[in-house]
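There are two complexes below, and they share chain A, which is joined by chain B in the first and by chain C in the second.
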Partner chain A sequence: MAYVATRGGERAIEQAERLYRQEMGQITADRVAGLRHALPLLVDRVMGEASLYDPDLAALALAQSGGDLYEAVLLLRAWRTTQPRIAIAAPVRLEELFTHRRISAAFKDIPGGQILGPTLDYAHRLLATEVLEGTPFTPPPVDPAAHPAPAHQPSLAAWQKAEGLVADRPSAPIAPDDIPDVTREPLLFPAARAHTLQSLARADTGGVLALGYAAMRGYGNAHPTVNELRLAEAEVMVRHPSGASFSAGRVKVSQAEVTSKGKSGLLELGFCATFGWNEVKVIAGATLDLNAPGAEKGSAVEEEFVLYHTEPVEASGFCIHFKLPHYVTFQSSLDALRGAKAAQPATEEVPA
Partner chain B sequence: MTLATLTRPWAAMSYGFLDASAKREMRRKIIKAIAVPGCQMPYASREVPIARGWGTGGLQVTLTLIKPASVVKVIDQGADDSVNAASIRRFLSRVSGAAETWDTLEATILQSRHRIPEERLRDDQVLVLQVPNPEPLRPVQPNMSIARQMHADADYGRLWLVLYEQMVRSGRIVQGAAYPSLVNGRHVMTPSPIPRWDVPKLHMAHHLTLLSAGREKRLYAVPPFTRVEPLVFSDVPYQVEDHAGLTCHRSGLSGVFMNEIPQDSGGSVFEASDSNLGIKAIRQAEGEATKIGPMWYENGELRP
Partner chain C sequence: MFDRRHSENHGPLLTILARADAARIKAVAEAVLPTLGTIEVVTSRTGLVMLPLRDTVQGTDFFLGEVLVAEAHLRAGDVEGYGMITGRDLERAMAMAVLDAARAQGHATVLEFIAQEASIQHAEDEARLRQIEATRVEMETF
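Let's turn to the complex of A and B:
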């Protein structure tokens, strides 16, 4: 009876929320700072899906939601809605990124070199159970290389374009204010290229992985080769009203470019970039981008199917909305069902 | 020039939560929707502090319309005290300073999920319906861009086919709530999952109805005095739920849409789905001075 109470709904929701928050206890600035430092990749993932770069707010959202990622992303998106758009930053160019990690699976070595950077790829996945027995786990210090890798790296696709292996995407100059913005306009299909890339950048990591994996297993048309994967920091260059261009800070970004041989006889590229370091998401996202052109309507790799169904806030919200009462619609169906049942016997004559 | 001269003092949020650019877009899309009744207008649909699928579309419309002098009523399944309705109503008054009410007659804006109140709405009232799925063609065409083309072509043959198949299979049309309806003789809309009982209330109504799906980013409108005709065959009349003869076991009301409450002993009792109408009826019976407005249905029959 408390579900849709005859009275007292307001008290019920108040107490239900208290019950939930009680479990998490007091949230302090120390807890938020601790989360930010202990869980940088989770903070990155949440910032990417929220399309809001602020590690402190992301850590706060994680603390407030107790680690429910969809709740954390919703908190940040709702906050983002209230923020004014002060300026539009200059485009981030691949060769200007401060690159921490850059690998290509397409060639043994590439111009600029393969840079392994920080990764767990080759780690043995063993739990450090000694920590639970009181021995802290102290990561061994890094021995820096004798010659540090250069901070900036050329784009592999630029080399491929020069070799005539890749067709350049047609592009036209566009004023910063005219760049389509999926947070200010509805997503319609066929989607603007900017909308596609923005939607992938904001997409749910798990959702993109599920559909991207389906494409990789054979539900798509193209098998990806990782042309270039980067973890980097990008300078956010904005223009002061006085006209001077300056850096407002750096943001961590990841981007993946995957390739396969296209029908045109050239290599085709799929691309995905996001805030924060999140390799799985950008590889899966780039694979979906690679598979989308020409995909059949309604197939698991078609643009509309992919972009609508990997939107984390929409997908999770609709899923949990089924908890809301639906007794009016149910009553309406029940009425039709009983009416049909009552009409049945007259027509139910079994031939002899 | 300093930055301070270019900006206003910092505030945690704009009046009514949505910022000016979001409200401007909403107003433009609302006007377009009114201009082309029943036609779905895509809009950006900002994230708001409740989950998608929980009334974010209705909320954005209400936040755009609301002002300090507004009086808001929010219902879910007909009930004002349903938990989600209570949560939305509290949010609305918190960010706008508007007054709250449970009484249909007092409200200037009524936001509702799945019901239209039983008392007639006036021309000074706006009904905002929360819409989970704005696309009546979804059951026959899940792809939104193809469906959009079908609306442009007024290509609704497959909806008639669905209704015909229901008759062939079940002996009658078994569409429950969200009955597809032709608006102004041109666009088929889903009236949101209101029961069939409520659809005729939209036809040539005095009030404006705005229907908004936040997750799906579409809004559409039924302006006052607009035809809303459920899809039916000329020889098969439209059937509302068979509730005209039921009586509310708490308020004694009859001739309104009912909730069925299964009983431990078997069978069911019924109660009025419009919960505040039920409360008003009880108060009236107890001798309190309570006003019940004119109703859409009288003695279970729709009043012309």
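Let's turn to the complex of A and C:
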């Protein structure tokens, strides 16, 4: 084993960090609050990938990292380790979500109806360049309906199970303390479903999209249709020392089911959920969950391939470690190359 | 043992306190605090609450992630107060614990505050749900 020392490194490293942070300038509480309110979907994405829900900290991580999402996620994952784990909340159930958006592309007449909620799905994508000329863009206000929507919407999958369209595979109840946790246990394969869904929940949005898109384009086993997509808020149900159950607050969550016709003659479903509102991630993640059973080893939709390659901190960390000094190992490759070249007979010159 | 003098609707009252406006709950807690007697703070900290979610396909409970919370626990005479809120505002969690203890001591002002906050929270939810209802669509096939 050999090592490389960098002479004068300490000063250079400090100046390099200063040069990096110079681009971001002073970070103030106002800037962080501004980021939180102006970029809620980016904040959501960072919280989902960090697997830590706190919009203020996520906005701070974005401010400190200058918008480098992998750095922001790393900051939050690192900070999280400084905190004690106080409790495990009651499991969130779909029917109890305060629902803001809930649609199905598979069934038009779903129980509870189709509610678009906050979306640009049917909007024109036009850049408001007038803002740069000094004219603020002020979104027109929503014209509220005379009556409120129901706060809670039924589960489409539950209706499908009742109709015999989907296999009903009730799982055994599990105590909260016994739920498998990838932050405390190694991810082994075949993975426990709880590990798979937790890994997808904290996976890199871009990575999940790339592999999910590959499956959608035909590199998988099943073509997805969105069975149900939901953006909602979940109550964090904890216990008072007296035993009373109460909500410590609401957190934004996304979840998607995608479906396709299975070989059994029933509909098959894939599932994904994450912190924050992030539709691309949960649709792509549910597509990967749908495609995983029976996938060929090493294929783009095989469970081990998906989960190992969409972990944002490990993937980005491994990628950027290649820029760190590799002179000794690379020199070894060069020596081998030169040795092989020297051992080759001299090539005959071809006359002109 | 924790004080058991809590009504059956203790949970819903705590939910309202946990969601109460930060400035208002702190102001009410400041006003009530001198009437509670000697206070012993048992816990005042931030920490993480694991949030499981039930998969709708196979019914598997899994961890969606961790939620940052602030927690406060105090004793006031022979009653105890507890607060937990999402976020890192320790003062707000302590204000909740103060009001929880004051409610256990029978302070009417706490119930009045909870009633006011419940009304505000209900109005906020209804306003949002009316906006959401405005986005309902009827899909047709041609």
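We take it that the second predicted complex is superposed on the first by the 326 of 352 C-alpha atoms of A that agree within 3 Å, B and C clash if a C-alpha of one lies under 4 Å from a C-alpha of the other, contacts with A are read in each partner's own complex, and residues count from 1 in each chain.
In the analysis below, a residue touches a chain if its C-beta (ideal position, glycine included) is under 8 Å from a C-beta of that chain, and two chains touch if they have at least 3 such contacts.
Here the structure is a predicted model, which is why all the values come from computation and not from measurement.
Within the superposed three-chain model, A:94 lies in touch with chain C and out of touch with chain B [touch as defined at top].
In the superposition on chain A, contact is made by A:332 with chain B only, not with chain C. By the touch criterion stated above, A:84 is placed in contact with chain B and with chain C alike. By the touch criterion defined above, A:241 reaches both chain B and chain C. Of the two partner chains placed around the shared chain by superposition, neither chain B nor chain C is touched by A:58.
In the superposed model, A:74 lies in contact with chain B only, and not with chain C. When both complexes are overlaid on chain A, the residue A:297 reaches chain B alone and has no touch with chain C. By the document's definition of touching, of the two partners only chain B reaches A:188; chain C does not. Comparing chain B with chain C, the partner in contact with more residues of chain A is C.
Once the two complexes are overlaid on chain A, the chain A residues touched by chain B in the first and by chain C in the second are 80, 84, 183, 241. By the touch criterion stated above, chain B contacts chain A in their complex at residues 1, 6, 12-14, 17-19, 21-22, 25, 42-49, 51-54, 56, 76-79, 81-87, 90, 113-115, 132, 142-146, 170-178, 193-197, 215, 217-218, 239, 241-243, 257-260, 273, 275. Chain contact summary for the complex, chain C toward chain A: residues 2-4, 6, 10-15, 18-19, 45-69, 71, 73, 80, 82, 84-88, 100, 125-141. Within the complex formed with chain C, the residues of chain A that make contact are 47-48, 50-54, 56-57, 80, 83-94, 98-101, 108-109, 113-119, 142-151, 155, 157-158, 169-171, 174, 176, 179-183, 193-195, 197-198, 201-202, 228, 234-236, 238, 240-242, 244-251, 253, 255, 257, 269-271, 273-275, 289. Interface residues of chain A, counted against chain B in their complex, comprise 3-10, 12-13, 74-75, 77-78, 80-82, 84, 183-190, 241, 297-298, 304, 308, 313-314, 316-321, 324-329, 331-340, 343-344, 346-347.
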